[in-house]
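Report on one structure; see the data block that follows.
Going in written order, the chains are labelled A, B, C, D and E, and every chain counts its residues from 1.
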Amino acid sequence: MDSALMSRGVKRCPTWQFILWLCLFGGVLLWGVYAILLIWLKGLNQTNMNDNYGFALWIWADLGVIALGGGAFFTGFLKYVVGKDDLKNIINYAVIIGFICYSSALLILAIDVGQPLRSWFIFWHANVHSMLTEVAFCLSCYFAVLTIEFIPLILENRQIDKVPFFHNLSHNMHKVMAVFAATGAFLSFFHQGSLGGTPSVLFGRPFSYREGLLIWPWTFFLFTWSAAAYGPCFTLFVTRITEKVTKKKLVKQNTIDLLAKISGWMIATYIIAKIIDTWYWATVTAPSKGFAFMDFYSNNPLYGIWILVLEIVVCGIVPAIILLTPKGRNNSVALFIAVTLGCIGVLLNRWVMVLQVVAMPVMTFDKWVMYIPSWQEVATTILPVAYGIIVLMITYRYLPIFPQEQELNPNP
Amino acid sequence: MKKEVKNEKAKKYGMVIDLDKCTGCGACMVACMSENNVPFKEDESNKLDSIAWMRVYKLTNGKPFPEADICYLPRPCMHCEGHNGHAPCVSVCPATATDYNHETGIVSQIYTRCFGCRYCMVACPYHARYFNWWDPVWPEGMEKYLNPDVSPRMRGVVEKCSFCFHRYQTAMNKAYVEGRRKLEEDEYQTSCAQACPADAITFGDLNDPAHAVHQIAKPDLKHGGRSSNPNAFRLLERLGTNPKVYYLSSREWVRRAGDNYLKKDKTVKKLH
Amino acid sequence: MSRLIEEKGKESESGGFIILFFILGLAASLVLGWGVFPKLLYSQKKQPIDFNHVLHVEAVEEGCESCHFFREDGSFSGLPKLAQCVDCHEEIQGEDPNEVKFVEEFVANEREVPWLVYAEQPDCVFFSHAAHVKMGKMECVLCHGHIGESSHSRVYEENRVTGYSRDIWGKNISGLKKNTWDRMKMDDCAECHAKNKIGYDKTSMETLPWPLNWALLPYEKQIGPKARVQAKKDACFVCHK
Amino acid sequence: MFPFSFEWVWDMAHLIFMGGLWYALSILGAGMTYCIIKTIIDTNKGKGCHH
Amino acid sequence: MKIGRRSFLSFIIGGAAGTALSPLAWKSMDDSSIWSQNWPWTPVPADGEVSHVNSVCTLCPGGCGITVRKVDDRAVKIEGMKGHPVNDGGVCILGLSALQLLYGPTRVKAPLKRVGERGEEKWQEISWSEAVAEVAAKLGDLRSKGKSHTVCSILDSDKGTVPYLFGRLLTVYGSPNFIRTPSIQDSYELAINLMHGVQASAGFDVEHADFVLSFGSGLIDGWGSPVRMFKANSNWKDSGSKVVQIEPRLSNTAAKSDKWIPINPGTEVALAMGLAHVIIKESLYDSDFVNNYSSGFDKFKQLVLDKYNPDNVAQITGVDSSALVSLARNFAHASKPLAVCGRGQGKTQGSLDEFIAVHALNALVGNINSEGGVWAVPDPDYIKWPEVEMDSVAAVGMQKERIDGAGSETYPYARYLLNRFSGVVNSEEESPVNALFVAGANPLYTISDSKAVKEAFSKIPFVVSFSSYMDETAKNADLILPNHVFLERYEDVPMPVGLQKHVIGLSRPVVKPQFNTKHVGDVIILIAKALGGRIADAFPWDNYEACLEETLGDKWESIVENGFWSDPDFKVPASEEAFNTPSGKFEFIPANLKSPLDFSPVTIEGSDISYPLILVPYDSMRLANGFIGNPPFITKTVEDTVLKGKDVFVEINPKTAEEIGLIEGRYVDIRTPRGKAKVRVHLFDGIMPGIVALPRGLGHTAYDKYIAGKGINFNELIGPVEDPVSGFDAAWGIRARLTKV
């Protein structure tokens, strides 16, 4: 029925099946939209945030999706700036995933602020000393970059491509894509970093506070690095899931292998840096403020030392080892485990840097405060997942995302 | 002509709270609420969602009966100076809705500028910043007591203690019509300091040796405003927030509760 | 009409025709924006009493200060209350219907006159008349214009979106102003402060090359020699509450 | 945000961060403008009409 | 078609360009930005001329001077009055919140007549003339039936013109039943009456005392005039004066004192006697005073030496005997020692023995009527109205015995015994009270054993409340004749509690009455006039204001100007003339007392087998617990370890909690012989094991949603324990049991 919209020579599931799934995820999406409306109309009292938890699930989700979306900028950087041309086979998907992640992040930010109609103040009345300003600048600019990168892909749809204007536009945009990608990479280095700086410039919060270089705390670099390391994991993770769902091989193993190897090296180096950072913080920074290392991980029902072990060892060292060994990369199960652990690791890191920061008391007579998100927060946080799946379904169905698909799946 | 109009010496308004005198009666909290149009809800027992610019904390020494001891600690906004005005909250606000005034040392909060990102609340280790989770609603007729000098806040913005800056403004107005620029110590007092029935709160210009706060707190400006009074301490001084609220206590455990210390650390008076 | 367009479209395929439509659109939107929109944006309200400033200034002894004065506590009285008016207007004076209305409706019933205040600022604004008039020696006219010379009350134009007077947000719909009193927005405060600030702030805008100093419009008012103008960027609380 | 806003201060922080923002925005703006103009020219030349 | 589309596009582009060149977009954006910063639904308080009005707060008996800041005709802030002899600029949390009471939703806005069942809150608004007529008709009816003595009024005070008007009306009408709500005032007055032989209130020269020994008095928890006590406490800190606090719970007062001596609850009287023992035995007492101005010392000495040696006392009180001895020495050696009693805020009367024992301690160290000591302060004598002329009905009525039994043969010493009221009413088939007036009091909430009080009220056929607020008593009344709030009315406020000076404060109208309310004084005068005859004759004033002005006479002008009047010449007589006892001296063992005191601790209700724990109340400044409900601001300051949601916490020592198996926050049922309630537990190291404590001031069932339904009323769990000599309520606690739910 809708086959005219699909690329030639590829096979897609029947329309009814497509619509059925669309409705399913659309339902989840609508649930999230309902929650958004509630929040916009009734205010943030719809959440379980409070004066201790000024930042909570949403900011975690924000940091999380941006880290996961880091695959887009890093892959783009590798392809356009470093020149790893092999990555062209996966870059489209990386861009779409990035686009989904960043648009979700912006949406969540729009719900998260108390006066959404004033959120443009962050530009208009910008305080250039604030990490959040830097985040907002780079985030929105980079989102513009992703949109620019996404447009030619849409224009490649079989029907749209027939229009000469769009065909030419797509062609021209491709030609200058390197400039956009380079700008995007530049912006991404900064906003991933400033997201890292966001908790770490808080010198009133010894758990997250880090010393650093000039105005940038060490986590500034760690966040950029970890996004570059773990972002590709998420790209690989989604690609792998897509392959499972479509029951097709979509990207050749050498591309996967290349990206996995780079990711492995990035994770390995990141984890070393992270360990050094943690060590310095635990033995120098925190004690100078009167905190012993274990103060951060005791006297509360949730945040134990396990969380650090999980983050560094299980979700850091383990995936690094798997991805660095050819055997590990070539074993699809091991690879999948590694990229999954990687994704969990970066999400956990972002969780800790948001939630544990605010949970941890600073005044001696203050108490640890725990928090459980309200359904409105959960719904709005799940919304991006549904939204992402829907975008992926539509783009996969109608756009030539995977250049190697036809080659790998010749029509019988 | 330009020399004629010399800038007066910058003021640094601050507070000294004598915890030996503080009875924990809560008058400062209510004096603040009624002066500053702080709203209230039917249930205010969830203290994580209850706006109290001035909050009185109850400290315990953790010892069993009969060695147990308690102490009350009123906590307004500390109006941190940080390093050269870089209060923890001021530098993080993305929209410049809060700033540090070098002329008075007061950290402002502009409600119409704030868009409610709450980064400042995360930055403040004192929980001195409060978010308007709800629309402020006064029962019918009660809006009559609202103070026109302070604008009521809308839902979705952050608010905090301003050291009753509007009182500074009105005092300055009076001074202006009398042809003065200088305020007497008692012309500008915060609502809490004025109300405190135990006279535990002293407010004034820390830079002015004639003011009581200066004489009690004896701030050592070479060492980040650290007090030279052996009974005085500031909350979380070691973080480098450089707050302008000093506390006095004759009890060691109370002074130690004012900051974080490793077991081996002494309740130090020196920053480094 | 649509038929007409189509027919005309058939007649001519040329670019000229397209340009005509461009001009049509342009003209329509310009008329809408410059003509209709301001009419829609502001509602016209009449003052409850038509007030004659000229007459009053002649009658009172101390000029403007007779009614608009500073109180002992430094606050500015703004519009006079009924209690002040009653000093003279206990009985109807003369035959002006406005006078009759004033005495009968308000004085007799001890009801305050609900004047519409042209210069009413939003609640977030703190403005010290004392600082500007007493210390800065500024003339009222600088911000309020020549209202004291009016013999009738102007129509009060209320912005339907913001609820504030047109005087605050720009008498000229274009946002440009000829006189200092044409607008009373934050930028206008800032403009004057930047212009008159005394050199204790290094980042003086005047020292900047064109066009960065463009905001300094050339009007003549001088601020007294004792003035100390707030022009620092760390003082939101000075003007906001 | 703009140098003529009264909040603007001519200091390093503004130059770096606002400079960065305007730089990025101009690259993106210039890039897109280039693409669109080039595309209009190309289309008028009859490129891309492969049917 | 193709051209049509292109033309349309062109039109749109032209339109967009034109819009961009017109103010439409820019101005709309600007305006919506302004709109989004000044939401129309956020209230904007009107500005205006600021003025200040001096007045006096009447929300508690403290009598603080206040300065109300007004903006035009709105009262916006209450501040302490500078230079006032009681509070000198300070103000308490309740006074600060008074505007919430003035403007709050809890006000009764017009005279109301009950139309539904009692307490059903179905009311009909009536006019003032109807209301007065109704009351007058009822009173006239009772009087004609010879039942004038079955009319009764309950007030919070018996001083000042308004209580005097009530008293006058009752007298000339023919009823002896004027009742004042109970407090430690009763016990102090009686102790002074018996030991000094004069009718006077106790005044404490706390400012000059240098060693304060408090037997459980919440010196900084609201005892006496709270702000004055805070100031005194700060003075003590500055001057190095010592405070020793004796009580089983680490109250704020205990925490702020120089020494906290935990004691078995209720045994304070024994400790006082033990201290007397040491002082007498070691001859540390003031021999001048004891030898020259006291009588009965030998008898007292004998009693003390026989029965209260430190070891015995240590056994009873749990206070270490060496601590006791050193305390006694420190107390006696201090230059201006002062011992005070009356637990917490002193809202219950307490045992007479205890007051006499503590007062004897003061006498031993010779600080009676001296600097830094306890003064017997007679009421200022400024209300000089002509004697009433009673008609025969009134004369007969006045001869009848009081309903509460005060002054009867059984209770010859007491003046008012509201604690007995419900017992008396409930014990009879038909209520001995046919009409009840309640003003400035809320007995349904403040009197212990609420259930019994409520039952008694339900038996009384005609209950009139003069409350400004819809409190528990008003809610269960037949008629509410709302008084102005103190910020709307004139009223003299004599004798701030515990002050050793003569001060009369003046409440005055700060704002116009907000609702259709009427001054209670005016209503009394109107009722009297409506009743006619001798009754009307006794009220020659046009209205209350005229009455007040006439009463204050030459004081009026200065009191209006300053907000208070104080007698600069006030002095208590020297010890030679101070005592009017049969011996003409201070009596350690009052000769006027028929039965001897035994100075033994009061036994509380309940068996220790079924109720293993002891429940005591505690008072907090952050919980108004008198006849005024807690305004929202105050409730906001209550900690979440006291009140969370609708649940109140009972304080318990962690050790006791562990024995019962309770953890922090756990829900429990608390049961006492008088009642049961569901509460949560809060572990507190500052409370003696075996004791649990609940705050007073919660658990309102009336007022508005900001006050009602939070926690439980302590008075529902406790009942009165009658002091055998005075008839006062001597209960200081009740036995209790906690069970998990």
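As a working rule, a contact is a pair of C-beta atoms (placed from the backbone, for glycine too) under 8 Å apart; a residue touches a chain by one contact, two chains touch by 3 or more.
Because the structure is predicted, anything quoted here is derived from the model rather than measured.
*Asks:* Both subunit A and subunit E are touched by which chains?
*Replies:* Of all the chains present, those in contact with both subunit A and subunit E are B.
*Asks:* Stepping chain to touching chain, what's the minimum from subunit A to subunit C?
*Replies:* The fewest steps needed to get from subunit A to subunit C is 2.
*Asks:* Name the chain whose C-alpha centroid is most distant from the C-alpha centroid of subunit E.
*Replies:* Measuring from the centre of subunit E, the most distant chain centre belongs to D.
*Asks:* Pick the pair with more C-beta contacts: B-C or B-E?
*Replies:* B-E
*Asks:* Taking every chain's C-alpha mean, which one sits closest to the mean of all protein C-alpha atoms?
*Replies:* It is chain B that sits nearest the middle.
*Asks:* Counting only Cα atoms for the centres, state how far subunit B is from subunit E in Å.
*Replies:* Centre separation, subunit B to subunit E: 33 Å.
*Asks:* Hey, how far is the Cα centre of subunit C from the one of subunit E, in Å?
*Replies:* Roughly 55 Å, centre to centre.
*Asks:* On a C-alpha centroid basis, what's the spacing between subunit C and subunit D, in Å?
*Replies:* Here the centre of subunit D sits 38 Å away from the centre of subunit C.
*Asks:* Which integer distance in Å separates the CA centroid of subunit A from that of subunit D?
*Replies:* Whole-Å distance between the two chain centres: 26.
*Asks:* Could you check subunit E for residues that touch two or more other chains and list them?
*Replies:* In subunit E, residues 32, 37-38, 42, 44-45, 47 touch at least two other chains, as defined above.
*Asks:* Can you list every residue of subunit A that touches 2 or more other chains, as numbers and ranges?
*Replies:* Residues 115, 118, 125-126, 129, 133 of subunit A touch two or more partner chains.
*Asks:* Where in subunit C do residues touch two or more of the other chains?
*Replies:* In subunit C, residues 73, 75, 122-124, 233 touch at least two other chains, as defined above.
*Asks:* Of all possible chain pairs, which ones touch?
*Replies:* A-B, A-D, A-E, B-C, B-E, C-D, C-E
*Asks:* Any idea which subunit A residues touch subunit E in the complex?
*Replies:* Per the touch definition, subunit A meets subunit E at residues 115, 117-118.
*Asks:* State the interface residues of subunit A toward subunit B in the complex, per the touch definition above.
*Replies:* The touching residues are 43-45, 49-55, 112-116, 118-119, 121-122, 125-127, 129-133, 136, 198-199, 201-206, 287-292, 295, 357-358, 362-366, 369.
*Asks:* Sort out for me which residues of subunit A touch subunit D in the complex.
*Replies:* Residue list for subunit A touching subunit D: 123-126, 128-129, 133-134, 137-138, 141, 144-145, 148, 162, 164-165, 167-169, 171-173, 176, 179-180, 183, 186-187, 190.
*Asks:* Show me the residue ranges of subunit B that touch subunit C in the complex, using the header's touch definition.
*Replies:* Interface residues on subunit B, with respect to subunit C: 1-2, 4-5, 7, 85, 96-103, 106, 108, 110-113, 149-152, 162, 165-166, 169-179, 181.
*Asks:* For subunit C, which residues count as touching subunit B in their complex?
*Replies:* These residues of subunit C touch subunit B: 70, 72-75, 122-124, 126, 128-131, 134-135, 198-200, 225-228, 232-238, 240-241.
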